[in-house]
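The two complexes that follow have subunit A in common; it is paired with subunit B in the first and with subunit C in the second.
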Partner chain A sequence: MALSTHTTPSGFLLPSIHSAPPFFTEQPNQNTQAHLTEQWIRLILTYARHKRLFVLRVDDAEVPGGDWDEILRNERINRRIPPSYLSSLMASMIAKNLAVYEPSKQTRAVLLYWRLPEEWADVLHSWATATGQLNTILTFYEISDPPIPSPLSGIPIPLLRRAITILSRSNRAQIIGVADGEGVRFFIG
Partner chain B sequence: MALRRYTASIDGTIPVPALLYDDEELLASQDGVGIYDGLQKAPDFQTGSVHVSTHRLFFVHSQNPTSHSFTMGLLHVVRTNYYAGLFKSAPKVSLFLDADTALPLTTTSGQRTEIFESWECEVCSHRNPPGLSPAAARICALCGVPRSASAGSATSEASSQIQSLFSSLPESSHTSLSSSSSPGPPSPPSTNDDSDGIACPACTFLNHPSLRVCEICTTPLPNVEHAGSMRAKSAPSTRPVSPVGGSIDPANLLIKLSFRKGGDKPFYNLLRRALRSQAWEGKRIGHSARSGTSSFAITSPNYGPTPVAMRPSGIDGIMRNVEASAHVTQTDLNDALKDLEGLMMKAKDLVHLAGELNEKLTASSTTTTTSSPSTPGTQLSSLFSTTTLVPSTEPEEAKFIRSSLAQLGLQMSNAPVTLDMIRDERRWIEELARELARVLQGSPDDIPGQKSVGVMKERGIVGLDEVWGGWNRARGVALIPPSTFLQVLPHLPAYTSPPIRSRVFKSGLSVLHMPPYTHASFTARIVGYLTMSGMMTTSQIAHEENITIGLADEMVAAIEADGVICRDDERSAIKGGGSGTASEVRWSRNLFLEYIWDGQL
Partner chain C sequence: MHRGVGLAAFDKEQLSQRFAELSSELSKTQVDNLQSQLTQFRTALSHFATTHRDSIRRDPAFRHAFQQMCSSIGVDPLAGPRKGGWWAEMLGMGDWQYELGVQIVDVCVSTRERNGGVIEMGELVRMVSKLRGVESGVVTEEDVTRSIKTLQPLGAGYEVLDVGGGKKMVRSVVKELDADQAVILAEAQVEGGRIVEATLENRRGWTRERARAALENMLLRDGLCWLDSQDEHYGRAYWVPSAMRWDE
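Entry: the complex of A and B
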């Protein structure tokens, strides 16, 4: 059968297997399923980077109309990913350290690492260096919602804190308590 | 003196259990016992064994069992005494005897065998078997009606005995007995006219003494006048005995059992229990003065009517009888089951024995085979010549023994089965395989135009259960057990063309199939279908392959386990599809194994 790639309205190029109905069914054969999981994780992370999405929820598979509809559903072949399947995909992503449950102690939502915290730390430090904000105290809010759009715009606070923690370990940043919460000061590293 | 008056000699060569009545039970036996007659040792009865039953005491002399053995009814014993023994004096049990129940000295042996004949009850026509104790034999075993007093002398004998007993009884028991007894024969002749009437033996109605048949049921009544006259005649034979303290010295009215080899205590306990239970009263069937005595010496065992209230009669009696026989059956059954259990305990020994036998056979056959090649030319000892003579017959015998053992299920798992047996077994299995092949594919030597169709028919695959059922239906007799059937299956490909093989699916489903239905060829075919049509459901595959859906499901599942195909569940549909069981899985080739990412990087 002829499967073809498809470009979504948001400009994302869907892979050809996304139009194969078995792609949306969890396979009992573990070997087959391993391949399938790999493709799904790649699809999810690629799409998350494309749309700058940080959080994936099981609800996204249950309720249509979310940010993830373009990959979790395929109206052309009348298929969608069942929530249980998405849940097991999330579990394997966490096993591969490509996501963490956020908040922890639940399994309904994950924080996606389409960049690993270490990568985010480098991005954060180079942004601070590029914008000349070394040795300046910045609030988390100023980083995640800067007046000028940056690679860090919209980054979730938990992910940001992780990145800063990695930086502070190599003495390139320091977390400081400020009046309305927490702040951070970057150093030349 | 006491010995002579109370005992009857028996033939001690007969085993004691054979001397017992049917309703009598042996309780205990003890050898090394001597008898004291009164206070002196009885010289003729010093070494022997003594047995106690529910009814009687037996003494069997160890040297002269024929002449110096005797039996004595426990009935005579009024009191017992136990002496534990001191130094050289052995433990003794004294039995004090009732002076009034002594056997008459003038015993005649005229009717001694009468009681041991079977007789027919005149009321219910039940044929009563011989062998019961005198008390029990006097009444019908089925309906409880006493045997009619046909022998007049017997009745008189009995009544005189009862009369003498009454005279010696305490007043209270005398009145209770006489009130409950029928006022017919047992009552003395002087009171005969004053009595209320004659109790009917069948319905217990008290008839007027002058009636010959019962007013109610017309059963013939006991002949009172006749019995009375006879009693008068025979009375003198026992009268001299009955006066208290008559000719016999009370000191002599005891015998002692001297236990020279111990065993006194348990024996004494059982003896006392027997005395307490008073089984000689015939399970409360009736009271008899002499029922304990042996049949070999007594004049007549037939007695007059017994107290009515004490015997079961009519429906009640029958019911009780049925209950009793059911109980006996139950007991027998329990015994039999116990025996069976015992046998099972022995089974291990049996198996062990079989193993040894097998080893010996194997050993002997190896020695003979090693010795036989040396037979020609060499000088053989006599030993070898004998062993070389044996081998010609040995294998046959060995084979026979081993096949017998195998049939008994005693085949050793460790001991090797002989070549003979294997050859037999193999030929048997091969024959079966050939037959099964005919059943499956039809016999090839049929008339060409009339090709017979086997179970397989045009199908290429068929369930094992269907084959087994079909085969046994075809055989009709000597059905094949499933275990043998499974043994035959590996041989099947050799006798079928194209070869039919068996296959067991993951779920446990077993099938026989033709070559096109092997896993590999089926997989290839399914992949071909899927390549052409893209997706197929299980039922479509079943339709295409002309097999049942269940079977198709099993086979497809096996292919899926290989990862060649993958499934598309309707439950993943956005619209329709529905939830749960109504949706069907659609199969497609597994595209993901060799997939290369072609989406956005």
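Entry: the complex of A and C
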């Protein structure tokens, strides 16, 4: 049996390791597990970027039919990642600062950093500059759900807030209270 | 024994001295003869080597034949520069062999996390060929084995292991494989890397305890196999990554 790559219906290229049955079992040998953890994290983040997914939940391993089925399951070899394994992968991602528990004080859902908040800050500022929205007040909603799709479409508010906080440290943005929640004003960088 | 005293004894001494002279003269002629033969042979061989240099480097079958010829007359064309700089220079094979050695190390080290430091020979040849950007068949098992021998002075523990059934594995970590592990590596090849206790019981007549101990050692202590706890038939199966075929 050869382990080969596979293209999913959504057009994502799964690495060959995804067709190896033991990939779906948490390994008792620490070195082996460290190697496989890296493979899993890379897979999760590239897939998240491919489908623009921001949140990963333990539930995604428990209940089929979610956004993550293409990587958390492999029907061709009849394997799926056990929820406990996914949960420990999530903990590893947090230790490597590639995700945060969101909301905090629970461990069943994480916000993924397939771009770090610093990178989102740059994307955000470039978008505001390119679309001529410096010095005007924008609501968070206008950024995360813009009329014209942007690189920021669908960005979760907590992540957006982190990015804006980073920009405000270098005086490139300012958070402002507006009537229906929060808003922001960007300044030339 | 009685020793002669008088003239006769003197003659005898002179005679043996002359014999000695003659004998050394004879052996000198022989040595000279041999030397000239050797020179002739060297010239012929080096002529052959330079004429067919390209074929030797390019054509694995020709290279094999040339190496067979050399070994049958007791010369190693690929001995390192220290021993046979002349050969290396003549063929440019020294570089070729060392280059291959570096690439072997590259493949072994980069796959070590995955396979615990043991890689199947065919896989290694395939990956080295890929690294060199050459078609399969250009680099042969024999070339790889030879290169691994040149790596020996480095003491990194590179070794070719015969696991039986015509399968060879290359070990790149200083770790002794015991006999049971060699059997497991060989059996794992049969099912594309998958191995369960029952296979070892049925095919090798091992007791369950022996099979379990050997597999668990490979899993936990050596990192030479991976665990699959979702196996359809046995629930718990072991996978030997060096026996799995990776298409990447």
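The rule is simple: the second predicted complex is superposed on the first by the 188 of 189 C-alpha atoms of A that agree within 3 Å, B and C clash if a C-alpha of one lies under 4 Å from a C-alpha of the other, contacts with A are read in each partner's own complex, and residues count from 1 in each chain.
The definition used in the following text is that contacts are C-beta pairs under 8 Å (C-beta built on N, C-alpha and C of every residue); 3 or more make two chains touch, one makes a residue touch a chain.
As the structure is a computational prediction, the values presented were derived from the model and not from experiment.
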- request: Please tell me, clash or fit, for subunit B and subunit C sharing subunit A in the overlay.
  value: clash
Message: For A:Glu75, using the defined touch cut-off, is the partner it touches subunit B, subunit C, both, or neither? Pick first, second, both or neither.
response: first
- request: State whether A:Pro21 touches subunit B only (first), subunit C only (second), both chains, or neither.
  value: both
Message: Between subunit B and subunit C, whom does A:Phe187 touch in the aligned arrangement: first, second, both, or neither?
response: neither
- prompt: When the two structures are overlaid on chain A, which partner does A:Tyr101 contact: first (subunit B), second (subunit C), both, or neither?
  reply: neither
Message: Is A:Trp127 touching anything from subunit B or subunit C once the two structures are fitted on A? First, second, both or neither.
response: neither
Query: Which partner reaches more residues of subunit A, subunit B or subunit C?
result: B
Message: Once the two complexes are overlaid on A, one stretch of subunit C runs into subunit B. Is it 8-16, 152-160 or 206-214?
response: 206-214
Field: subunit B and subunit C footprints on subunit A, overlapping residues
entry: 1, 3, 5, 15-16, 20-22, 24-25, 27-29, 31-32, 35-36, 78-80
- line: Within their complex, subunit B touches subunit A through residues 534-535, 560-563, 566-569, 571-577, 586, 588, 590-593, 595, 597-601
Query: What part of subunit A is in contact with subunit B in the complex they form?
result: 1, 3, 5, 12-18, 20-29, 31-32, 35-36, 39, 42-43, 46-47, 50, 73, 75, 78-82, 85
Field: List of subunit A residues in touch with subunit C within their complex
entry: 1-5, 15-16, 20-22, 24-25, 27-29, 31-32, 34-36, 78-80
- line: Touching subunit A in the complex, subunit C uses residues 113-114, 116, 191-194, 219-220, 223, 226-232, 237, 239, 241, 244-248
